[in-house]
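I've put the structures underneath this note.
Look at the two complexes coming up: subunit A is in both, with subunit B in one and subunit C in the other.
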Partner chain A sequence: MTIPSPYLLEALIIRKVFDDFVALDDVSLKLARGSFHALLGENGAGKSTLVKCIMGYYHPDGGNILLDNKEVSINNPRDAHNLGIGMVYQHFTLIPNMTVAENLILARPHLPAMIDWKSELAELETRMATMPFKVPLQSNINTLSAGEKQKVEIIKQLLLDSRLLILDEPTSVLTPNEADEVLGQIKGMVDDNGLSVLIITHKFREVTGFADEVTVLRRGKYVGSCKVAGTETKTMAAMMMGSEVIAEPLARAETKQNETLLEIDQLSAESSSGETAIESLSLNVRAGEIVGIAGVSGNGQRELVEVLAGQRDIANGSIRLHGETFDATRRQARLHNLHCLPEEPLKNACVPNMSVAENMAFNNFDIPPYALKGLLINRGRIRERARTLITQFKVRTETEDTRIGALSGGNVQRAVLARELSGDIDVLVVANPVFGLDFKAVEEIHNRIMAARNNGTAVLLVSEDLDELLELSDCIHVISGGKLVYQTTPSEADRSVIGQHMAGH
Partner chain B sequence: MNGDDFSLLSVIIAVLGGAIRVGTPFIFVSLGECLTEKSGRINLGLEGNLVMGAMAGYAISYLSGSPWLGVLVAGLSGAALGLLHAYLCQQPRVNDIAVGIALMILGTGLAFYMGKSFIQPQAPRLGSFSLGSWSDIPALRAALEINVLFIVGIILTPAMAWFFKYSRWGLIVRTVGESTDAALASGFNINAVRMLSTMAGGFLAGVGGSFLSLYYPGSWNEGLSSGQGLMAVALVIFARWNPVNCFYASLLFGGAAALGPALQSVGVTSGYYLFNAAPYVLTLAIMVSTSSNNRVLTGIPGDLVNPGR
Partner chain C sequence: MNNVLRIDRLEPLIIPMTALLFALILFAIFITLVGADPFGVFHSIYRGAFGSWFSWQNTLVRAAPLMLTALCTALPARMGLIVIGGEGAFVLGGLCSALTGLMLVGSPAWFAISMMMLAGAITGGLWIAAAGALKYRRGVNETISSLLMNYIAIAVMNFLIIGVLRDPATLNKPSTYPIDEAHMFVDIGNSSIHWGLVVSIVICLLLWFLSRRTVFGYAVDIAGGNERAARIARLPVGFLVLATCFLGGASAGIAGMIEVAAIHGRANTSLNAGYGYEGILIAFLARHNPLLIIPAAILMGGIRAASGLLQRSHDLPDATSLVMQGIIFIVILGSESLYGRFKIFRQQHSSERAVA
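Right, the complex of A and B next:
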């Protein structure tokens, strides 16, 4: 009799090459049955690629996958589901125009040809009773908060009776409390129901809090794996980063905060569905200060940033830069040195199919020296400048001609930041700038924002991460229902009070 | 004045009758386009399917003596064009709008070429139900002459709405149209789903075309279609990708198109060409009034907003 293998899943010497870029260079991962396994690595290390190869979403160019010590061939996610492997992807895969119930039904391996909604809903309700969290079955997905969506994603996989649940950065859209709740429940299922979990995360707090073992990747290569108990986070960080040094936080310098550069006066704006998203919002930002805006996502932050970026019309009120009314033209943004880093930059501030160099030139391709007499584009100059920015901001890309959509999330963020933070900046608007970035990148970007402030830039920082706001801001506002409802400073701030205002109390 | 009342009434009756008569091909083309767009692809070539369907339907009806066989073949010709559209679109770096325009030209050109010899002969036409026999007003009787394809359209509309909500295939089509990522993650074959949806949509557009040659106006010639296939695209937007709305919108467009002839029949001839432009003006007005800088169209399939791949 053979001894059963302790491993539920073994991915052995997996290789994945995109065009001629080696994303996974013979990487192996072994996951013990009933364990909570964390997969760590900096942005672009190949974590998502590895789990997508396991799921059959990508087809690896080499290596094999063993389940229960038997080699399996997984050609598409459906095969993986049939083998009891479920995955929650880094980006939501729920369908916004459908209800929660429709989304849950769709995941089933054998959909009936005709759907009897009455009995399906009844069955979902009973199964829901055994789930770690509740979600409203009849609601449309686009009415749910990010946290609720993530719960639906996880429930969707649990309903499939997955033995192995793969989670790709499941908590980046959640508040720390929500993250603890969700991960705590899943940990419960690992301990009680024999579920195995493979989780990708950038947060050490979650690794030490929930995981049993870790595997670390760096630049597409396997670095090592170890038990979490008895390993210091410092050691894990060193495995992730190798010999690279991590920047120390930049100190807040004394600045003369006198001149008001950005004035938002009684501003109202509509959301994409035509409802009031911002209502009579007034706010000032002075030179050399960072004004933070805290709030649960979906309370008007997105619309506020879009108005400032010129992507959304003002319904009422006005915006002034240097005391002059801002009409969201390119000329004015340039005149007043207004720069914007919206959330999800790949979607909101890039053309994914254009090259990194082209994307980096959006602000100035039409003025000398990049455009001769404002007409002919000097591509050489544009690429030359892109090369400088790529080195300066450590954007990891093959060349400046790579299409920006092929960069990992963190590198897109860096590329856009390089574009927006170069040259003179008087007013800087940033939204969730470190969403999904590894800790090294977080430190780097925070330092850049702080440096801009120290140089006299007026910074408006919109973020869902309270820690980030407390670290960077000079003054914090809480937004709820499209209005500013509370104001405080980091030194006087009380998290629970802020939390209450965020929740709308 | 009595005469005026009478002519107003007859205009209304004529517009109602026209809404049904002119609207029927719109119903089929817009339902077809709705199905195709729900799967995440836009087929601008339906004008080609329509003209091709008109020609094929007429030719087969003439050759076989059976108008229903004509309708079937018209549908199949549309499905074949749909297949070609889908096949071309799934090649790398091919854009569905461009393919649609090419196929529109190909479809009409091919139909003109193959249909040359069918311009003169008289083919057997599709039948109708006379629902107005109780009335002795001839105009009302004419308006209530309900064609069989309209009845099919009445049945097809709720059937398609049901399909999207209650059937596995309907959910799969919507998933593919809403998010290619979600569809991939669920293991659906995106190209296959889109191909079938485009073929089914093309089939319906072909059937709509056969109505033109086999019922109203009722003969085959090269000036048969006046852009119904293209206007159907606008109509689907107006209908917010909802089959039931497509049906009503088709009647509205049909009524608008019947306005010119109806006015002419009671002697208002001054603005004839102007009134004939009513459906086009309506299309433009609808497109302008329903677009906004700040809002996303409700109901638009997600993949048409943010194309995945």
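Right, the complex of A and C next:
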């Protein structure tokens, strides 16, 4: 008789090499049955790579994986599903243009050749009653906000009856309240139903609130693991970062609040499904000021940012920069130094198959010195500038020629930040800039936004994280149902009042 | 490590080559089934395509228009559009250049040839740009619209050359009046290859340069790779769609012009000989790279050039070479889904490490 192993999953001495780059250097992880296990590490530490190896999405170059103390070979995600392992990826995997219900039904393994949609739908509805949160079954995926999509992704895995659920930064696109709700429900399933969870997160609040154990990686190496109870966050942070120092928050400098640089006048726009998403919205941002927009996702923020980013047509109203009506051309955007940092940068602002250097040059590939006489591309100069930006913004990439799609989530974000935050910026539109960044990077990015403000940039910051807004903004608006419904300043702000307005009361 | 030939870099070469080999095996099976000797047939194809200077000339003459019609699919493909309207642009380009030639009878050759080429380019360009505009403004699927436009183009040409434009002297093959003898492309040296081949190669090189080295090509790469990213960079996406479609259509239109000015001397139904459709195959074979289109077109031109020999020495129907092209096309298209699937292209270095 052998004593049953206390571990559900053991990944031992896993090694993964991309080209010449060692992403995982003999890393081990042991996950106790029925535990809520957190995997920590800075951006690019190898967390996603490790769980993708476990899921059979990548094939490790060394090491083995034990499930219930038996060695298993997982060659693809389907094998993992068959063994009861489900995963929510860092990037969305839902099929756009289909409804939530269709996505959930199609994810089922062993689908019959003919799908009886009616009965499937009925069954789905009964099962949804047991799920921790609700999602709009009939909505098209395209119309969902990031937060809603993430909920669908989690429900998709829960419906598959996984006994081990792997979550890669599931809360980076959720508001703190949503995150608590989601994680609380999952924690409940761990305690009551014997589910085991492996979660990747950058938020210590979530680790201390929900996790039982942590494992920490740094630059592809195993640093250690411990019980959460009795370990201070400081210790965990030190394990993550080693001896690196973390930047102090940059102080808000006094700026002469003078010229209005960005004016949004009676702006209306439609959502992708043709409904009114923003209605007669007016807003001014002056030089040296950060105006924050708070709101529950799906209340028009996305459309507002898309209009400013040139990705959505204006239905009515106008946008003025330096008092001049903005016609959304490249010439004018450059003239007025308008820069945009949208959410989900890989999807919204990058070409995944082009290199990091090429992606970093999207704003200036057509002007000297990157284009000779504005016609011929000078790749040498483009790569040279990319190398500077990579060092300056600490983007972890093998070389500047790596395709940007191969970078870790946080590093894609940094690469786009580097592109948008270098050079002169008069007007900066930012949406959820720190989604998926580790705490050191969060501080860094916040400092850069604050520095831009202190230098006289007009910043419009759209965020679902109230703490971020309270920390950075000079003035906060609440958006609800496509309209600005409430205005306050961080010093006078009352969270519960803001919360009420966000909820539409 | 950098100057070593890395196997992962060879993926875009090895996959199509293996696919080609696989297609040849399938074709060999087909040949066996119809009762001929596959080795003999391959030998004849080789002889008919590349076996002698005479067959090389034949091959190159056929390859010239194919290079240009391939560009008609390859350029819009860089924007993510699948355009298969090369046949229509070819036919109309040829027709309009012939009409231009007819109006310029007696004028200096350099002038007439330039004008004819311009007419062909503009006609073909506008024709495909129309499919691009329908896509961009109205969301009409460009593959379907450009295919249907082929039929319209062919019908328009037939209508005109059977009707108002017909030279009454052409009895069993209705044609326009012939263009000025002096405005025809001449052969290079004492070969049977006309200058159209040089024009075609130069256009391929120019468009390769345009797509790899210029601001325009860079913008096309962005917009073709991710339209949302192109919009945030405020690139004129609509213009890029129209421009790539126009350039592709213009290439096919010039191919039609060359066919008129080098071979037929007039516009007639011979223009509708499938060069446009074959171009689609070549574009995919070359993975939409204007430079690789040159060898791909020579290969396909060779297969077509050999079809006469197949008829004569193996008693196989003319369509045999079409069957071969069809098999190659399907296999190459299928092989597109294999990129990124093979461990060998990914794990070269880890295995090296293990050995070391």
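Just so it is clear, the second predicted complex is superposed on the first by the 437 of 505 C-alpha atoms of A that agree within 3 Å, B and C clash if a C-alpha of one lies under 4 Å from a C-alpha of the other, contacts with A are read in each partner's own complex, and residues count from 1 in each chain.
The criterion applied here is as follows: contacts are C-beta pairs under 8 Å (C-beta built on N, C-alpha and C of every residue); 3 or more make two chains touch, one makes a residue touch a chain.
Keep in mind the model is a prediction, meaning the values are calculated, not measured.
Judged by the touch definition given at the top, the superposed model places A:E270 against subunit B, while subunit C stays out of reach.
When the shared chain is aligned, subunit B and subunit C each come close enough to touch A:K347. Of the two partner chains, subunit C is the only one touched by A:A371; subunit B is not. Residue contacts after overlaying the shared chain place A:N363 against subunit C, while subunit B stays out of touching range. When the two complexes are overlaid on their common chain A, residue A:A107 makes contact with subunit B while staying clear of subunit C. In the superposed model, A:A328 makes contact with subunit C only, not with subunit B. When both complexes are overlaid on chain A, the residue A:V485 reaches neither subunit B nor subunit C.
Of the two partner chains placed around the shared chain by superposition, subunit C is the only one that A:D20 touches, whereas subunit B remains out of contact. Residues common to the contacts of subunit A with subunit B and with subunit C across the two structures: 347. Of all the residues in subunit C, the ones that touch subunit A in their complex are 1, 8, 213-215, 217-219, 221-222, 225-226, 228-229, 231-236, 343, 347, 349-350, 353-354.
Taken in their complex, subunit A has these residues touching subunit B: 56-57, 76-79, 81, 87, 89, 91, 93-98, 102, 105-107, 111-115, 117, 269-270, 272-274, 312-313, 347.
Those residues of subunit B that touch subunit A in the shared complex are 165-169, 171-172, 174-175, 178-179, 181-182, 184-187, 292-296, 298-299, 301-302, 306.
Subunit A meets subunit C in the complex at residues 17, 19-20, 59, 61, 309-311, 328-330, 333, 340, 342, 347-354, 358, 362-363, 365-366, 371, 374-377.
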